[in-house]
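The structures considered in this document are given below.
The two complexes that follow have subunit A in common; it is paired with subunit B in the first and with subunit C in the second.
On to the complex of A and B.
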C-alpha cells in the first residue's frame, strides 16, 4: 500500500478543499469540507481501491490522514 | 382490552417475509397478539424456529427460504397454505455515494427489496394462495426514504421507490378480487439493519439525526401496529396507499 497514492485518493474525495492542504499530518476532521457525506466517500474509496472495510469508528479514532492510512494498512 | 373487532386478525393467516428479525419479527408477534396465525419466512432457520416456538402452539410456522433466487420464491409459494394477507418485510440496505455505485450492489439490493417482492406476489397469485373476495391484504414495508432524497442512500431509496410505485399497480390489478395492497413508509427504526448503518456513520451523526425526529426514532413495534391496521378489516376501504410513520420527521417543521 502506497502512502502517497492513499493521500491522493483521500484528497480526491473533496471538491472544495485545495489539494495543497492535504499532507499526511492533516487533521482531516478539522477541514471545513469534512461531513458525513465525505466520510461515506472515504469509506467507499477504501472499499473500492483497497478492498478493505473501514467504519465510522476508524474515522472517529484517526486524527490525521496518516493515522487512517495506518488503520487501513493494518486491516 | 375490548377492541372493535375490525382491528383484530382472528382467523386470519398471514405470510411474513423477513420474519427472523427487526420489523418482520415484530410484525409476526403483533399478528399473534391480534389473534392471527403466521407463516414466517427468512434465510436463518434458527431465528425462525425461535419465532415459531415463542408464538405458542399452532400459532406460527416457518418456511426457510432465500428470496434472492427463484428456488426460494417457488418454495414459499408452493409450501405456504392459503393466506389472508402477506407482509413483505424482507429488505437490505446499502449506503454508497453515487460516484461509487456498482452494478453488483444495485443488483443485490434491488433483487431483495424489489424483484423478489414482485416475483413472490406473482407466484403466490399463480398458485392461488391469496384468498379472493375475502378482504385479503398485502402490506409492503417500504421507506419514507422514497419520499425524500437522503445523501448516499440511492441504492436503497431507488429500490423502495420501485416498491411503492409497484404497490399502486398491483393494488389496481387485485382490487376486483378484493385483495388490498398498501405500503408502510417508516422513518428511522432501531433494528439490526440500522445498527449496521450506525456503525458506518458514527454515533454522533445518528444522534444528530435522531434529534430531528419530533417523536424520536421508532421501534419495530410501532411499524407492526401500522401493519396490523393494514392487515385487518379496519382498513378495508384503503388500497394503493401508503402509511407514513416517521415520528413527524418530514412533515413537521420548526
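On to the complex of A and C.
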C-alpha cells in the first residue's frame, strides 16, 4: 500500500468529511469528524492491510496523515 | 473417590432498569453526535440507566427474583451466591451478603463478591464449576450486575453511548440438565490497567472536587473522578488477545471452529465485534450479537445474549456455544457450553 492508497483508505473511514480535505499534510486530529470511533476504524484499517498495530502513542505523536503513514511503514 | 460432577448452566434471567437513554436523547445532549452514526458504529439504539438510588444489589435482586420465578427454583437449594461487580453498593459489607439477605437464602449458604469486568461472567462460571466439582456446593447462583452509568462523566458522550446498566442471574448445578461448562481458558495482563480505569475514590487516590472533563494528548476525554477508557489501546488489546483466546479454547476442548454452532462474545460495541468476527473468520450466521436495546452491560453482556439466543432458537439441545469475555484489567476468559 503506497502513500496514495493509504491516504484513500484513511479517507474512507470518514463519512461526513469531504474527500478533497484529505492530503498527506492534513492534521487529522483537527478534523471535526475525528473521534475515538474513527481512531478504532483507522487501527482496524492498518491491521487489515498491513497486519501492524497503531498504538495510542502513534496517534498521539502523529500530527499529519503522512506522519501516520511513515510510522506504519517504519514498524 | 467420588466422581467429579459436571457443572451445568441450567437457567438464565436478566433485569434491566426502567430508565432508558435513547440515541435521540443523546443527540439532544450532544448535537454533533448523530443518531444514525451511533447506531451504525456502536450498534446500540438505547441503553438502560439505574435511577439515582438504584444500586447494584437492587438490580441483582430483581434479576435473581426473575430467575427464581421463571424457573420455579427453591431458594433453600442455593448453597452459594457469587456476585460479580465493579460497582458495589458499599466498600463493605460485601454486596453479595446484602443480596443473600434480600433473597432469603439459607444462612448455611456462602456469599462472595468478585471484582471483574467484561471477563467476569467466565470467571464466575470458573469459580462455580470449581465449587461444584469439589463438592462444596451442588447449586450455585451467579449474578453479574453493574451500574457503570454512575462512573461516567455527564459530558463523556462516547462512554455514555456504549455502556448500559443491568444484571443477569445464572443458575449452575451438577445435575444432568442444561449447558455443560467445558474446559475454561483464563488470562490476565495488568499492564493494561491504565487504559480502562476509575482512578479516584478508593484507597490509593481520593476523589477530588474537579468536575471538568479534560482531554488528554491522545484525544481521550478524562477526569480521574470518573471512568477513563483509551479506546485505541483497548481495541489493540482485543485484536491481539481475542483471536488467541478463541484458538486456545478450541485447542483445550479439542474442537475446531467449524464444530462450534454459535459464538457469543462480550458485547463491547458493534464495530469491534464485526471486526473481530471477520478477523477470526466466523460466519455471520454463527455469530450472535445482542446489544441494540441494552448496550454494553459489562459482565452481563454474555448471559443476556445467551438468554436471547435461546429465545430466538439459536441455541437448542445439542448446541455447542463458544463464549469469550475480555476487557478491563486486562482480563480475559473463554469456554465452550455444551447444551
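The rule is simple: the second predicted complex is superposed on the first by the 74 of 75 C-alpha atoms of A that agree within 3 Å, B and C clash if a C-alpha of one lies under 4 Å from a C-alpha of the other, contacts with A are read in each partner's own complex, and residues count from 1 in each chain.
As a convention for this text, contacts are C-beta pairs under 8 Å (C-beta built on N, C-alpha and C of every residue); 3 or more make two chains touch, one makes a residue touch a chain.
These numbers were taken from a predicted model, which means no experiment stands behind them.
Shared-chain residue A:40: touches subunit B and subunit C both. Within the superposed three-chain model, A:29 lies in touch with subunit C and out of touch with subunit B [touch as defined at top]. When the shared chain is aligned, subunit C comes close enough to touch A:15, but subunit B does not.
Applying the stated contact rule after C-alpha superposition, one finds that A:59 touches each of subunit B and subunit C. Annotation for subunit A, partner touching more residues between subunit B and subunit C: C. For the contact definition in use here, the residues of subunit A common to its subunit B contact set and its subunit C contact set are 36-37, 39-41, 43-44, 47, 55-57, 59-60.
On the subunit A side of its complex with subunit C, the touching residues are 15, 29, 32, 34-37, 39-41, 43-44, 47, 53-57, 59-60. Interface residues of subunit A, counted against subunit B in their complex, comprise 36-37, 39-41, 43-45, 47-48, 55-57, 59-60. On the subunit B side of its complex with subunit A, the touching residues are 95-97, 99-100, 151-152, 198-205.
If you check the complex, the residues on subunit C that touch subunit A are 32, 37, 41-42, 158, 195, 217-220, 230-233, 235-236, 239-240, 271-272, 275, 279.
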